[in-house]
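One structure follows; several queries about it will come next.
Order as written gives the chain letters A, B, C and D; numbering starts at 1 within each chain.
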Amino acid sequence: MQEGYRKGKIESNIQIASNIYELKISLPYTCDSLGEPGQFYMLRGWGAMDPFLPRPISICDISHGIITFLYEVRGRGTHIISKLGPGDELEVLGPLGKGFNLDLEGSIALVSGGIGIAPMIYLAKRLDAIKDFYCGFRKEAYYIDKLKDHVNSIFISTEEGSIGHKGFITDLLKPEKYKGVIACGPIPMMKKVVEMCKHEGVPTYISMENRMACGIGACLGCTIQTSSGMKRVCKEGPVFSGEEVVFSD
Amino acid sequence: MQEGYRKGKIESNIQIASNIYELKISLPYTCDSLGEPGQFYMLRGWGAMDPFLPRPISICDISHGIITFLYEVRGRGTHIISKLGPGDELEVLGPLGKGFNLDLEGSIALVSGGIGIAPMIYLAKRLDAIKDFYCGFRKEAYYIDKLKDHVNSIFISTEEGSIGHKGFITDLLKPEKYKGVIACGPIPMMKKVVEMCKHEGVPTYISMENRMACGIGACLGCTIQTSSGMKRVCKEGPVFSGEEVVFSD
Amino acid sequence: MIDMKVNICNIEFKNPVIAASGTFGFGQEYNEYFCLSRLGGICTKGLTLYEKEGNKGIRIHETTGGLLNSIGLQNPGIDKFIREELPFLEKQDTIIIANVGGSSIEEYIGAVEKLNETSIDIIELNISCPNVKEGGMAFGIKSEIAYEVVLEVRQVRKKPLIVKLSPNAENIVHMAESCVKAGADGLSLVNTFSGMAIDIYGRKPVFDNIIAGLSGPCIKPIALRMVYEVARAVDVPIIGIGGIVDYKDAIEYIMAGAWAVQIGSGNFINPTLSLDVIQGMERFMLDQGIKSLEEIRGVI
Amino acid sequence: MIDMKVNICNIEFKNPVIAASGTFGFGQEYNEYFCLSRLGGICTKGLTLYEKEGNKGIRIHETTGGLLNSIGLQNPGIDKFIREELPFLEKQDTIIIANVGGSSIEEYIGAVEKLNETSIDIIELNISCPNVKEGGMAFGIKSEIAYEVVLEVRQVRKKPLIVKLSPNAENIVHMAESCVKAGADGLSLVNTFSGMAIDIYGRKPVFDNIIAGLSGPCIKPIALRMVYEVARAVDVPIIGIGGIVDYKDAIEYIMAGAWAVQIGSGNFINPTLSLDVIQGMERFMLDQGIKSLEEIRGVI
């Protein structure tokens, strides 16, 4: 039996780039796993009914019983969470969803766009394959140093050229070099990655986002179209094979 | 022109008895008065729409540009406020309403029940008359020492007898000794005070409570029945002459 | 550059933000917080032919994202309004809308006749107050009854006539169509939703009247849908009301087809909210390269 | 000592807390969080005769104190439900209610006939889903149409029949009376309110279907009022639904006249909310010296 919402204790919650925060929480001890790479938690940082719904945030890292989240402040929910400090409580439900396939072998590319870097840390640590890391940002690059020790090479791009390649990260990616590509980021980026890889016959694994209500597979609010019908991002995903996702325009 | 909601900076917010907190805030400097005894502020300690309405809280004290509030945690609103700490912001609107008459002369009794003690501090400081202070509590007595220097004698009662007279504060009050009686507390207490005083021909001034929406006299949500028609607690009050209030049963 | 003006029933509003009836008194209280001339318009507290004391007992009850109210149309009556409140309102450089309530056709007619002779700009006929026991409610629910009321009032009124619809109407589109057919020059919607709350410890309804009126952001999705449906069905100007607490809400109403909006409960959480909404709308239009409200009205 | 049992249509519920349709799947997901046998009952996700893919585009949009949804009755169809989901539900020691949707009378009848031959305890007829384009909506709005549907379904059904009412009904009391006259053994209310939201940057409705269904605590005051009115008008058991997020809400519904309650959106903010509600109700009854629900049902 899994536990419902648990009270996480905030260990730290610090801004690491503009609008980007790193949050560390600890949970009451249980024997259960705190989660696998690619899984996520639903967060509720408020006791009240506004905002109403919890917010899904990926596991960025787990170590010594502390879960790290990396999040971007987009709207009200993430704003409220960004105001919490050490000692404050945060309600969390998880780990949820189906994470990345950790059995991949050979040379693998990890591709992230913006805050899509979040799940890559824990993934890079836990995936044994040889990994190159491609990370694109709009303006500022962040959190890359956390990956250094766990990957082979790092490729960086920023849209404004402030660091690394000026342009999109997909400009740098050479799919044919890899046995598989794992991507997390904005839909247009993931779509591009999947197209490029399909062309080269390289399998892709992408972490999808969608609005969620329950987070546990019950409401059917987060479904996406796939080649084998509607699938729930929170249950069959968030990680899908790039080939099966039907991107709408 | 008055300002609308202003961001108050919390200087301190400490628990002084079970469920009772003392909150100190500072406001951006203005030339306007921060308020008179018996006036109140509307407090909103949340940016969200739940709770929806602000909460009215009396001025407990003002000194050196710092406003003190004394409040009891009753429901969700006061609970949220109790969780704020130094440096946090609190939105406040005020000062609002019509406070106590400070022109009273002779010997005056101040009578409070429970958290009704809140406005008495500032009143005792600012009212020149000779004052006796009667304060009733359920279990614990609190905040009395703040009044010591400003009044003649202090009479205390607790319903459980833990300190002072065991019973109601109205058991101790001798209206005939006074030129006027000022009361703040639960309705049954104020009703009793008004009855006792009427009997002796002593004028009373009571601070009324009611649910409020706007706090500025526009919604007519906080009206009470008086001998001269419906009156707004937030505008014509909260201080009324005891004789004019029609107590409903 | 940005044109926020809107012309409703041949009356020009400098911007589309109007204070909603019953939440703004007769303006005096808010005048302490900002210059009322910055508003597009002001709807007065609901007026009845004769003075009303309003309801006894609890009048306000907070709910999730809103509040229930049972004020019961407390107001000084038309004569006293004209004598004591209108002179102040006349001095403000904004459109004055007199909101008129009643529980019989005669009462409405009596009130409107008196207002005809004043400087008010528009009459807003409240056919829907849920907080008055003796009636008034049915007018807002059945299209046929509303039709009768509007038809008769329309015959005596010398001012533009906006009919304020109740969301409790059996069919909001039919209701709108009936009112327009009867001669309404414009429609405003919505008034409060019939709702209730129970004191579980006292084992009794919170309100003496049992039923009270729900307003605030909680109702916005439903009110917006009604405005959208009505705007597509009728040709008169529509004023959107319900749960507006920021400029985004206001823009949603305009895009759903409203010509202007009214802000009600939002005034309670911030007496200067209307100004924030006006400024926010302006900034939004500037950012999005929208030159006039017409460009986005009913655009969806 | 505290008796939480309630008997509805000759079916005994161990307590009055039921999971609402569409918010609880077929129970499996919640079974990971608590033992489903602790619930009074479970309503299945809305079932249609044939499988449905549901709506495209955005399906969920948060609003103040609630959410709009446009799932569009995605479900595996009755046959697959019976084959793949029912065996699991049968094993739970709780009342199973099959929620049946449809867009034609024939579809309802076809679905009900299949369910007749299963172990489900009760049929809940959803005459009110606002999220299906082809129809279904009108059933929930006009009493006369609802009467027809219920009459026909009633003739084929071998299980107790609860009709789930839409708050969009033109007149909720007439609707309730019509359904009871047509043979409903009980009523549940409310389903979601028709609402909408607009993407002001995209200048288009958030939902492909434009209109979606509003639920959550935001609607509670209106839903509670409807339950109160219906409970006074009809003699069959009523199940109260709408915005329940704690035991106090549930007690309000019971005091308004409901026999039981359903919890919908509340499950999203806490998958074990139903248990909290059951425990809270028990504690409240104990504190207040209430021995059975009957004592407080409709007490106000």
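The definition used in the following text is that contacts are C-beta pairs under 8 Å (C-beta built on N, C-alpha and C of every residue); 3 or more make two chains touch, one makes a residue touch a chain.
Given the structure is predicted, the values throughout are model-derived calculations rather than measurements.
Asks: So which one's got more C-beta contacts, A-D or B-D?
Replies: A-D is joined by more C-beta pairs in contact.
Asks: Computing the C-alpha centre of each chain, which chain sits at the greatest distance from subunit A?
Replies: Taking each chain's C-alpha mean as its centre, the farthest from subunit A is B.
Asks: Mind checking the centre-to-centre distance between subunit B and subunit C? Centres are C-alpha means, answer in whole Å.
Replies: So the centroids are 35 Å from each other.
Asks: Go ahead and note the Å separation of the Cα centroids belonging to subunit A and subunit C.
Replies: 47
Asks: Quick check: what residues of subunit C touch more than one other chain, meaning two or more?
Replies: In subunit C, 63-66, 216-217 touch at least two other chains.
Asks: Touching at least two other chains at once: which residues of subunit A meet that condition?
Replies: In subunit A, the residues touching two or more other chains are 49-51.
Asks: Taking chains as nodes and touches as edges, what kind of graph is this: line, ring, star, complete or other?
Replies: complete
Asks: Over in the complex, which subunit C residues touch subunit D? Could you list them?
Replies: 63-66, 68, 170-171, 193-198, 200-201, 203-205, 210-212, 214, 216-222, 224-225, 228, 243, 248, 251-252, 255-256, 284, 288, 296, 299-300
Asks: Given the complex with subunit C, which residues does subunit A contribute to the contact?
Replies: Per the touch definition, subunit A meets subunit C at residues 49-50.
Asks: Quick one: which bits of subunit B touch subunit C in the complex? Just the residue numbers, please.
Replies: That would be residues 1-5, 44, 49-54, 93, 211-223, 225, 229-230, 235, 248 of subunit B.
Asks: Spell out the part of subunit D that touches subunit A in their complex, as residue ranges.
Replies: 22-25, 29-30, 32-35, 45, 53-54, 56-67, 69, 71, 74, 216-218, 245, 265, 267-272
Asks: If we count contacts the way the header does, which residues on subunit A are in touch with subunit B in the complex?
Replies: My answer: residues 46-51, 76, 80.
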